[in-house]
């Protein structure tokens, strides 16, 4: 349909769909990115929705967005500035205009720019006029009326008609990026299989949008993004929350255990519990507990009973679990605790992203109470680090906290599906049935881990609990025993360092500046560092996934750089932890606490500043 | 009665009463120390009791002890090694023998050293023989039989008879220290006013012990400790828990507010709640909540309603309060949270002392969530720092965590009673009734504190909550607003530094070694540093009571010493916090996690080592 | 509330300047209206109202009220409200909560508030779902309900709100339907006037995640037959043409048709909300469709000494007997000695 | 518990090697004995027992049992026990708890365990005091009790354990007295056999901080007159010479003297523990001296589907219908694409 000459090839492009919470933008974005993924683009997505279920229609607070970053080369973040903004109403312009690239395109539903909506969005006059949009390619499509027109003969009620307008927008964008409609059409057929007339309406409107775009001149040229040269294999799109759940399920299978999750719903972690609940076919036991404390306590009970135990939550829930984490430390039971970080303190910004629970994860308990802390850094590597968390918990008999965040949890990216046989072995420390009497706090020499005996194992009956104990498991108030046990528990956690990989450095192994990050800002830092490298700057990146204990080569890595810049979405918690652990180095900081990821510009500016002022 | 020539004057002496939990040692110790205090000695006491209400009779686990350190000069700690040990049974020897000074005296109840009791204590033969006690002055008093003899004509039941034996021991010790019996006799009369025959029996036995000691040769010479040259004034003995409660009650009166405590019982903090409950005559509202979360939440409610709000707990309870502390930070309500630290992690060693909740107090919450943290350092200065905590909370509109510990809570010392008129002013930031509309997050320029308006004030109706807000109090997801509020809340806490005293240095203001401590180890560190000074070492002491924010002169103080040694009863939490705040200094550490205070020898040895290896 | 001044308000006076952010069609809007109407009738000065909530869609309520308000953390509103009321018994304290907020994470504070009989008014918005977190089952969701966390149906027995309230020694329990403004307003007024913990279960509709869950009893065409509105001192009659009633048969309630087998209004049970023995209130609170009509109105309302009063009275009693009148007295009292 | 093997045990087999550390004279000792006796009778292999407790004097119990044991944190035992039993329905799971542990801090987990009807046996040691923390009042302490935190008497209404349990949808509630070994052993056996959450309230004496608090009904000389031991299918008779009984008058229970006014055994209420309608069980559980004798024995015992069974059955049902049998199936299922 499109002539060759009118197509421009692009390395990468960022599209943002945005509209009212009820406008179906999340679905639109998902369908678009799934199509792109099927065609072999690498991509990264990020949904961004309000805390209210339905904030007042037309208000800026009610804008729901979905950003897709796709490319011919590797894509590591959903992008900060967008090439194309789809805005279903004036509020969507208000909320997103800052994030449109110079020379970018805005497609908006002209019909929705009524005086009332304009006022609701906080504009005085037409936003297109009010925002100075010079240099942007503005497409004012009469989407609502086109949709009504397209469906006028279908006999549908007006509400159902207008609900399809997201498909019109999607159709337009598909044309703009030279994409086929078949994936979306199949999806529509499946979703509305019981309502064929609705399915039909959606498909009609989708095509109508596509043809409309073809018809109007304004949308030329069309962009084409060739498939990314990514490794061979079978791929799927996966979100961080699903990957987390799957990583744990995979670990359970590998360890020969059943998995048990005890959790209480909380944004943005609920998806993990939901994912477990949806996979009972694999024997998953999911308990929706009465609160977070019961969540971890049911899981601890399950751990005591011999399951791979998991509890998932977000910051306020982690606070509630503090006391029980202490019990897990004291009883040395394996358990994985996931904290999907969100904006704090308190209820804070519950749907936004932040990395401000690090100190809580490390220190938020009474007494000397060390646990292993890991952090995932991309939606799909949530699988790997969840798996690692389970492996460490089971092999070292310790609670492990895995930190992800709102951005990872809801973001998606294509993921090369691993095969179970390629995953690391996991060998839980089951007690030997013949070693009677069983000493619950006897340890192996290497890991200092105790053995795991659970109810049902004959002859290994024993008692554990939160009071200080001797190796035999007897309650003990002997001063030296207490100090000894405190040291052993700390040392056990330290020795995990012997069983984890070194900290990888991306870029030169020595140089002027090492950008240091941890967890979820990885994609942004990586993209920024790569761009700086292309621009000729000597910058490397070290992003931490293992936080407590640290990999053994950290000191060595740090020594080789003139400056160290720690970037994190908080006020400097990781930098402070580094000061504790490696006091000898100086740490520059880049911090942001806006409920948003970094922008590339923020990172690059800071790096350039540091490099130039050497 | 005692000839002058047989009396030796001593600067200070440590006596430890110890026996089975049922032997009344806590009372014996209290009566002894109260008598000493009345006579003008300075003193410090420490009760040490088992976690079980009544551990098995005769077992080491069941030994209950009470140590009194009294002196002619200033006394700052209950002493580590004792001059006199009173042991009511073999287990008391077993538990305490390590802590008797060379050349010290042991008084024990010979009648109780039966084969059965010897075995229960874990000895094979007579402990006096088994422990090599050369050089000790061993007094084997047949206490039980003497008591029976003394009371044989009274017609009392055997249980009541034997219950008086602690008075016999007390009588002996009174003689040994040349003390009058009248204070104790008055106490007995009062306590048993409804049972005159029991009162009588106790008094007879007390005198019997006194005369027995006079009769036997073994107890010479007698020690006399002259009154300490302490400042003029009216004194009373006070424990840390009572002082904490009184400090807060005093603050409320000074601020013109009613006080409200919402707490849940937990060792060793329960005494604070009990103290409040006992003082309803001052209008104190004390709510024994259903759990720790309800404890802080009722208090937060009371704060919202305009009271001076308090919640008290120990480590595990602080963990449970984490989430609600976050709410207090976000709503900027004044509240004092007291954590009486005990041995952790988890239930740990619930009746023992430790300083291991510091990191929890500083960081144990989701998000960026700074609070003010103070620590008291002696039983009686719990009054001062509780008062300070309330002052800061009310004037700066912020939650304040006050850390004390088991050692401070139960220990007592004489305290010069302050007069209310001499205490600092406290001016709560009441909202101005005329300033309508009331903006809940409007701040003053100096402190950045908001104003306090509470239900009942007409025209100032407003809403607060845990979501991020604008100054006006409207919920806001605006990225810049969030970052701005995060910074303001942090800055507000930082600015408290403008309203607190400088860090005092005891000893030279510069030199070879600065011993740094915080909170409750103060007395031990002070005593050790003074002894070192007397021995000619160049050591000074800086003990922190203000931890977050730090006093403004810390850097200046640290700069003037060649070495800094941080001593604390944990694995180094304060040292780590110093590394974060003052990364430029090197910190040596002395740590102990045995549920026990430091010994002087431990501190001195470490200091001398550091000094000699310069 | 001693010094109640006769103040004239209208519902409008209780509307705050905040935009109401619930979904269009959410039952919460109606509750807000009814509460604002009820407050206007109470004659209590506006500054004496405090609305305390936890977290949930319903818990956003305080933002929309032009009164003192505290939107707190999930599950803890009962405890905070207890603190507010004990601190200042003079206030009219309202707790706004959801079925998750009150009965899942907040269950403990809820039952303890009730046990203590603290004089607060708890409006429990029961939509049988977690709204704010987008549709997981709650402790009141019916067995088998398919939700995001129960894709194969829940396997849990739900609480019966009324039974739990009375089981925790509750003295006031009422039930209403979000959209029934007249009944609701009346009940909120009665809840406010009752001295002690008043719990009102509001059958509330969540259009988004659990739409029409109450319709089986509350829908316009069936509600007359499937609900009975209880009024103290009145016979228990219901039905489109008031043709049905309730009687007691042994220890069980039974639905009868007036006119049949000679049954007249005089045979019907007469509602006694003030009876302190909870036996019949349990049965009424537990009535469920299809066997029974669901009971609306004030089911139980038994006065008793309230917690904050008892606390205040004890303080006054101790004060009046004590010689210690201020901190200086306390500091200098007891066992002291003078050093000169 | 499918594969119960007939194993012969004596009480002694359940004693651990730990020294029992309760105060001499504490009621806990007797409970320990009775439980050990009961376990020996159950014929369940020893390794299948798990004893879970919170914190409190009573919660030290697991240390003294030669079974699997978990002495956890204050108030959370119901949640941990729920995890243990759901994870492995094959175990016999016992929760040991105090009135503070279960009803103060642990109240929420307690009512939710009951609501879900998880098959655990909860022994609630009710000494109406916090023992371990040395004598503060608890949610079951009688109004007016003077304790360390209520030096002028408590002002709080206590919970009635039975009423709270049934109000939370409880299906098994029994009451016993610590020292009554025979009755206790029998009740513990019945609790173990009941499928679902069994709550046994043990009237337990704390000699140190609340001595003789139950004596008013349990003392040797009065207990026959002031307690009634309920047995399913038997008339409700009590008194030193079995001369008293209970009848129903309207909606209230009434104590009658046999022989007076022609009342014979045949007129008395016959105990029906299996009746699912809780009405009469509420009344029986709430009976209090002096108006009534206190009810001992199994007051309510209504079988019903248990939580762990429902969970397991749902998993089996889903498994049997799903084509996904292992992780590789899941990973490769759904929407994927191949890159070559």
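Each chain carries a letter (A, B, C and D) given by its place in the written order, and its residues are counted from 1.
We adopt the following convention: a residue touches a chain if its C-beta (ideal position, glycine included) is under 8 Å from a C-beta of that chain, and two chains touch if they have at least 3 such contacts.
Everything quoted here is computed from the prediction, not taken from an experiment.
Peer 1: Relative to chain D, which chain's C-alpha centre is the most remote?
Peer 2: Farthest from chain D by mean C-alpha position: A.
Peer 1: So which one's got more C-beta contacts, B-D or B-C?
Peer 2: B-C
Peer 1: Calculate how many whole Å lie between the centre of chain C and the centre of chain D, each centre taken as the average of the chain's C-alpha atoms.
Peer 2: That gives a centre separation of 30 Å.
Peer 1: So the centre of each chain is just the mean of its C-alpha atoms; given that, what is the distance between chain B and chain D in Å?
Peer 2: Taking the mean C-alpha position of each chain, the two centres sit 40 Å apart.
Peer 1: From the mean C-alpha coordinate of chain B to that of chain C, what's the distance rounded to whole Å?
Peer 2: 44
Peer 1: Averaging over Cα atoms per chain, report the distance between chain A and chain B in Å.
Peer 2: Distance between chain centres: 46 Å.
Peer 1: If you look at chain B, which of its residues touch at least two other chains?
Peer 2: Residues 61, 280, 290-291, 316, 323, 326-327, 331, 346-347, 465-467 of chain B each touch two or more of the other chains.
Peer 1: If I count partner chains per residue in chain C, which residues reach a count of at least 2?
Peer 2: Only 55, 73, 104-105, 107-108, 112, 139, 152, 311, 314, 318 qualify.
Peer 1: In the complex formed with chain C, which residues of chain B make contact?
Peer 2: 34, 37-38, 40, 227, 230-237, 246, 249-250, 253, 258, 260, 262, 279-285, 287, 289-291, 293-294, 297-307, 309, 323-324, 326-327, 331, 416-420, 454-467, 474-475
Peer 1: Show which residues of chain B lie in contact with chain D when the two form their complex.
Peer 2: 52-57, 59, 61, 264-267, 270, 273-274, 277-278, 280, 286, 288, 290-292, 316, 346-347
Peer 1: Give every residue of chain B touching chain A within the complex, in rising order.
Peer 2: By the definition above, chain B touches chain A via 50-51, 61, 314-316, 318-320, 322-323, 326-327, 329-331, 341, 343-352, 354, 356-357, 359-360, 362-369, 465-468, 477, 479-480, 482-483, 486, 489-490, 570-571, 576, 579-580, 583, 592-596.
Peer 1: Can you name the residues of chain C that touch chain A in the complex?
Peer 2: 19-24, 55, 57, 60, 73-75, 104-105, 107, 130-134, 136-137, 139, 148-152, 208
Peer 1: State the interface residues of chain D toward chain C in the complex, per the touch definition above.
Peer 2: Touch list, chain D to chain C: 104-108, 111-112, 115-117, 139, 152-153, 155-160, 163-169, 248, 251-252, 277-280, 282-283, 304, 307, 310-311, 314, 317-318.
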